[in-house]
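What follows is a single structure, written as structure tokens, with notes after it.
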Amino acid sequence: MAILVTLKSPIAAIGREVLDFTQHLGSLFLFFMWGFVLIFQPPFQFDKFRQQVYFIGMKSVFVICLTGAFTGMVLGLQGYYALVRYGSTAALGSAVALSLVREMGPVLTAIMIIARAGSSMTAEIGIMRISEQIDALRTMDINPMRFLVSPRIAAALICFPLLTALFDVVGLYGGYLSGSALLGLNPAFYFARAQSSVEMSDIIGGFIKSIAFAVVVVTVCCFQGYYTHTRAEFGAKGVSISTTSAVVISCVLVLVTDYVLTTFLL
Amino acid sequence: MKQSSVELGVGVFVLLGIICVGYLTLRLGEIEVLGDKYYQLNARFKSVSGLKVGAQVEIAGVQVGQVESIALDPKDQVAMVRLKVKAVIVLGDDVIASVKTAGLLGDKYILLSPGGSGKLLKPGDMIIETEPALDIEALISKYAFGKVNE
Amino acid sequence: MTRSPLIQLKDVVKTLGANRVLNGVNLSICRGEITAIIGKSGSGKSVLLKHVIGLYEPDGGAILFDGRLRAAMTPAERRALKNKFSYVFQDTALFDFLNVFENVALPLKERNALSLAEVSRRVRDKLHQLDLHDVEDKYPAQLSGGMKKRVALARALVTDPEIVLFDEPTTGLDPIRKNAVHSMILDYQRRFGFTGVVVSHEIPDIFFISQRVAMLDEGRIVFEGGPDEIQEAAAPEVKNFIQGLESPRDDLTGIASHSIGQNRLLQEMSRLQRYRIPFSIVLLAMDNLEDVDRIAGHVVAQTVFKAFANHVTQNTYITDTCFRFDINKILVVLPDTNEEQARDFCRKLSRTMQSHALFGSIEPVKGFCYSVSAGVAQANKDSGPDELIAAAGQRVAVFYECRN
């Protein structure tokens, strides 16, 4: 009897975990769909949308430029020393451009936006939840999903690809800076190889990734904030834990999604 | 005041983003917006190993077009490559198309070597003379294992 | 009884987590009345209020509006119903990212199809009435607690709701602001005629403004009745609760509380009956406190009332008892005093009030007249305290006017 219990309970625990995970995934998906559909419910919330584009997009420009430049520079540096062994430093342009456009651009942009905007999204919505502001919206017959989540989803869907493009371009010039300006590679080679190796399908793939990351990040971050009150911890503690888990979960999911999408896009 | 600064910021951001997207798609992705006029030619190769759609088509090192599609001819088991060549380029029917590599490990491209024939190729025509891709690995192994004169 | 219940809760049951918070609540809320819900912390008062507005759905039981079951309403009807409600949250729940004006405008903007000009006119009106027009560009984080409460109230009232629910509107406020909020609720209730439900800890202050009191304990309503009845309620949990919370002194004025005063009145009554020691009462009322409210704001009105109460206490002897009788009334019990001596007391009070600036700290409003009236009655051993107070209430004369 005792053996049966010890045998049963870990399996049951695994089963419970799997069920919990599946349920969580389902509720995340429904949360996103619900928020997404409400974007199109008139009257459109241009003001809030604009505010969020400003917050997610404009305020991230500097940090994206910075990280993009240094990512490109380090790619140029590493790529140069790796390629110089084979005497094919001319391929630096394509190495930098392809790794930026396909992988580094979308992924690092997403992770930077998580750090900059995603965490504060969770904290802001979480605080609204614990200070009853979301309940207040409901008493005013304002749909909090539409009011809070939809503009963020719409803005993220716009901002992620644009910031990714910015990251790519800045990174490309960063690679040029370290490869050509510092290490003396012919700039014409660099850009010619970058141009000839990157194809439209790579760029489209990069944008598909960045849009997928936008969905993942904004859903996880808004969800964590929106359901802060269902945590065991209350108040400020709950918000801080929500924020932490939003950042961790969305970073992990971005990398997982990246792998899955790469297998499809290659 | 505050509202208008937000608007300005959003405007700057969107403009910047669109410029970057434009740069990526037009310069790197090489989408022709206004575009030159092209016509198509087909060529059959024994092997196009390493050639990709979008690869350059050159004459004497000058880019004159792109590889539009690569497919297998199911009947003869050879590669069917469709090229698009700028309309201003006229080619005789004895042109030779060969798959070349830029450098030892570089990208593959197609080199057209025009002949002297007076008969011109029309759009959709087939280039008869082709040279397949050089199999560098096979070449190297031949040198390495001394079976060159086989 | 001609009371018509607007909202009825029948056997409402709610379990949150492992706690059964509501365990069969029966409550009727009547049109045009203010119903106070009192009870210990954590007894489910807020949860009850959230059921009324529909933030929570009951696990069992029914909630009826105008005799109609909410669960049976169509979504459109529910929305229409929700639009009749406003809810004032305990922690104000103002939106941090909107300024005062936008906060108050939000329910109008999102709810009604009003033009922007109309919205801003109504919002400005409401802000002006609540004395908030100076802060309309500020953000909630820049405001004091009392101001935030007023903004929350403005936001709740801007839609002209039929039913306003207040979740502990006065927690964390000082006595003057606390009373200001109470008088604000009463004032607005009289002016706009909404039905109010107030969850509160403020005993006995809350009794001044409510027509109906319900006490929630362990998930059930253990008492429902008028504010006078609860003082005499027999059930031990009600009695303990009321006495435990009621401080012997009135928060605002520092004079004795209502129940102490009532007890004193009864003692004097029995002394009169046993030893034939006469006593008189003086019922002092600030007649136009409501006008002060309207013109100068509720905080000023409460400060005035506090100053007035100070004058009264300074003129009483140690044996006299004065206590807060109503939101704008003070009852003075003068033992061993006949009616003529009581009139002397009034005259003396009037003189000190004339000579001292009554409202020293407050800038007088030009052309405004503060008036205080007094009703004097000598006790008569055949009649009870209620009749005595009624007699004093009838013989009222204005004895002080301060014209600026």
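Read from first to last, the chains carry the letters A, B and C; within each, the first residue is number 1.
The rule is short, and it goes like this: contacts are C-beta pairs under 8 Å (C-beta built on N, C-alpha and C of every residue); 3 or more make two chains touch, one makes a residue touch a chain.
What you see is a predicted model; the values in this text were computed from it and never measured.
**Student:** In graph terms, nodes being chains and edges touches, is this line, ring, star, complete or other?
**Tutor:** Per interface graph, the chains form a line.
**Student:** Find me the chain with the mean Cα position closest to the mean of all the protein Cα atoms on display.
**Tutor:** Going by the distance between chain centres and the overall C-alpha centre, it is A.
**Student:** For chain B, which other chain has the most distant CA centre?
**Tutor:** Between chain B and every other chain, the largest centroid distance is to C.
**Student:** Which integer distance in Å separates the CA centroid of chain A from that of chain B?
**Tutor:** Between these chains, centre-to-centre, one finds 34 Å.
**Student:** Would you kindly tell me how far, in whole Å, the mean C-alpha position of chain C lies from that of chain B?
**Tutor:** It comes to 84 Å between the two C-alpha centres.
**Student:** If you average the CA atoms of chain A and of chain C, how far apart do the two points sit, in angstrom?
**Tutor:** Whole-Å distance between the two chain centres: 52.
**Student:** Return the residues of chain A touching two or more other chains; collapse runs of consecutive numbers into ranges.
**Tutor:** Counting only residues that touch two or more other chains, chain A contributes none.
**Student:** Given the complex with chain A, which residues does chain B contribute to the contact?
**Tutor:** 6-7, 9-10, 12-14, 16-18, 20-21, 23-25, 27-31, 52-54, 56, 103-107
**Student:** Touching chain C in the complex: which residues of chain A?
**Tutor:** These residues of chain A touch chain C: 124, 127-128, 131-133, 135-136, 138-142, 147.
**Student:** Which residues of chain A touch chain B in their complex?
**Tutor:** Touching chain B: residues 50-51, 53-54, 57-59, 61, 86-88, 90-91, 94, 97, 101, 158-159, 161-163, 165-166, 168-169, 172, 194-200, 202-203 of chain A.
**Student:** For a test of understanding, state which residues of chain C touch chain A in their complex under the given definition.
**Tutor:** Against chain A, chain C makes touches at 50, 53, 55, 79, 82-83, 85-87, 89-91, 93-97, 106-107, 110-111, 159.
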